[in-house]
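In order of appearance the chains are A, B and C, and numbering begins at 1 in each one.
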């Protein structure tokens, strides 16, 4: 591969000063080892990572609950007043649960509803597309590496870039409307029409992430032993039947991983849609993470308590999804235990 | 060309085309257009002048109207091809336009003004790459700063990620100590806690530490990636313990074992993690958006979003800067794509 | 110097006892082999000596000094691992230099030692190659070379030949023996292969289930196995065991009857002989059985399998009483499956073990 010599050169250039540094700290660490033994060294190796974990993940997680029980706009916890479950009540109270206008925090219900619809369609579409792509990439193709890379390309792009690329194409005088014009169709207000903006949000995020899931499914497909297919061919099994009776059941563990991972990430959707539509028109493409961002950070009078409460509700959904995934992967592991 | 097609389309065993083959190739070629097309279109557009960008229908290549300096006129004048009554076409420069009549001059004979109906003239177009779309944001706006900030964040975060994650992975794969499974569980649990769930408290912690409006405030919360620890640990488990024993017999300290034995042997996994970390950190958006409020600290992503969010969007700059923002990732894609795709297939990492 | 003393060593992982009551003295320059079936604790014992694991009880002394709390690096020992454990990312030279660099030896001295070891092991041409580019036998030499350059007080070798093919193993075995003769450094060698043990060892330590069964020279182990386990473990094919009874005590041993009416005297100390009574187990090595001549004590055997190896023939059979018998007969006797043959034994090469499997008597 072309990159390896470059990496190697960069590596050796970097190595000298780094090696010098590593040699420099060896004597004190030998002292530490003498004093604390192997267990002490284990603690030493764990310390930096765990300190960062503790400070920036675990501790925030714990005080998030405290935040969600306080009110006011002050940032630091000690300046905030305890309000009990008021924030949750505010988020969850509705006169009529079928009408989001009747809710105290209608913006939240709007965002939650949007997210639910988005998750449903985005995950369904993406799974189907990823499945088709994986099945096609699993065929005997010339240049399979290239084709695999094709679908993976958008995955690497930043959400901001994805958002801007599509904003440029979907704008009123953009490429897509030009193509519609060429085939004699009326231009569509892709980003300023409530329906089309929502559809665009779904399509763009499917475009951006599909390749990743296709790759996971492809790995699953390639792990299915070839002799199963040969045996089926010997039995004269029809291709459709082979898919339903062999491919799909054996791919199930990967499929579950794909669906749940996609669910988890769809629930948190923010960046690319925010850049694409800014949540608009109106609030028609505002999702939960944007709601948290707006309430907690973007609006003039911030409400950290409310944002924290909303994020905990979202976190609860994510935890349930993750546990589902763990349970599913354990089950599929047990099922495959006979191998 | 036909030979290439024949080579690509040749069927195994020379059998005829099944509908699934047709579908496969449609999907693949459609995939190329859909996956690369938008980015290519954007990159092409980024070389167009503002006037060319405003055109509808859009052209594929960056055309501009040709101009010429004509004696007696300060500014360069746009050139038009004009069909005369005698059927002969002449190239004239337009001085001004009044209603449907354009006043034009012949660049060779600048004294005489010719009046032409605007329907009778077509602009002389030439291909020109508007490279100022790229240079001006760096020279006159803050994009150079943004680029520097993005580079700093990406490189620092990746470096710290590699060091801390590999150290933790080493401890978790090569030492038996009490509470090891608890630590593993803890790290596993943090997989369930994405950034968007702890935005508020994290923001207050960063502020309390004085890291608000600091690039370190962007870097630190992202470096202890649980995926990185898992990936590296998984890889280190495959390094035989006898090697560690041998090094201990060879009087190596534990630090030397980590540094001189385990780390070099983990290089492939470190490379995968490094590539991922670079892409992750380069692409980060929400967290820098929250932590950075001073313009000169923006990363490219945040800066780009800010410019794109202005009322009067200057697309020619935005497009060019989007290309710049995209560039490192495209390079990663071109050179290291195989690394990544096999890395994902192997570990389900993202 | 390289005297190693183990005193009451025990090792437990959690509630699982892996080793217990290990007492052993290894003299300077001795080559001691730990042998036993897999899982007997021989490798664990080696790791305890090396300092890679800590014993739960007992003392380890090297040249008189207790080293229980001394880390592996500072015990002055060198180890050759089963998988060789060569650092794959370092050249052969780098592998050998690594340990010396860690003790801050001057560059010149390192070079000199590597050159000397390379000459001795004939690995000079490979010094700049990586382990991955070497054959199994070459890697083995490098692993030994890495130990030699350290100039250790003792070598610890953990099944060093088990990853080699049969032919190479024989060559390397001979080379190791020559190396030991030359270096005269203490070596502790772990193996499950009794041929290696028999050919290499000054003394063999037979281990089973974490306990030492017997420590002795190879021939003493073969000739005077201390118990049924050692008798069965040492020698190939395995010793034949027949149930028997003590008929009477003789002045210098016992009179034993076995196999439906066979009777033979076996030597034993008078005290032991006087105390013995009732059931015992009689052992005869397959090599000590032969086709019976007229007038010899003999027993009939039905042949169930004949393995002709050319120089000798292994005959499997069953006695009238249903006991399985294995005999190694010299040459190529004309025996086929199903034949009835009469076997006889050398009366002075019998082994007798009491009800607990402890050696009672033997010649």
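By our rule, a contact is a pair of C-beta atoms (placed from the backbone, for glycine too) under 8 Å apart; a residue touches a chain by one contact, two chains touch by 3 or more.
Just so you know, these numbers come straight off a predicted model, no measurement behind them.
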item	value
Minimum number of chain-to-chain touching steps separating chain A from chain B	1
Central chain of the complex, centres being mean CA coordinates	A
Between chain B and chain A, distance of the C-alpha-averaged centres to the nearest whole Å	18
Intercentroid distance (Cα basis), chain C paired with chain B, Å	66
Separation of mean Cα positions, chain C and chain A [Å, integer]	60
Sites on chain B at which at least two other chains make contact	253, 256
In the complex with chain B, residue positions of chain C that touch it	47, 50-52, 71-74, 77-79, 81-83, 85-89, 98-99, 102-103, 146, 150
Touch list for chain A against partner chain B, complex	1-3, 6-7, 22, 25-26, 29-30, 33, 38-39, 41-43, 45-46, 48-50, 52-53, 55-61, 63-64, 67, 75-77, 132-133, 136, 139-143, 145, 147-161, 163-169, 173-175, 178, 181-182, 207, 211-212, 215-216, 218-219, 222, 239, 257, 261, 264, 268, 270-271, 274-275, 278, 289, 292-293, 296-297, 304, 307-308, 311-312, 314-315, 318-319, 322
Residue numbers on chain B that touch chain A, as the complex places them	7-8, 12, 20, 23-24, 27-28, 31-32, 34-36, 38-39, 41-42, 45, 54, 56-58, 163-165, 167-168, 170-172, 175, 177, 183, 186-187, 190-194, 196-205, 207-208, 220-221, 223-224, 229, 253-256, 258-259, 271, 279, 282-283, 285-286, 289-290, 301, 304-305, 308-309, 315, 318-319, 322, 325-326, 329-330, 332-333, 335-341, 344-346, 348, 350
Touching residues (chain side chain B, partner chain C) in the complex	240, 242-243, 245-253, 256, 260-261, 264-265
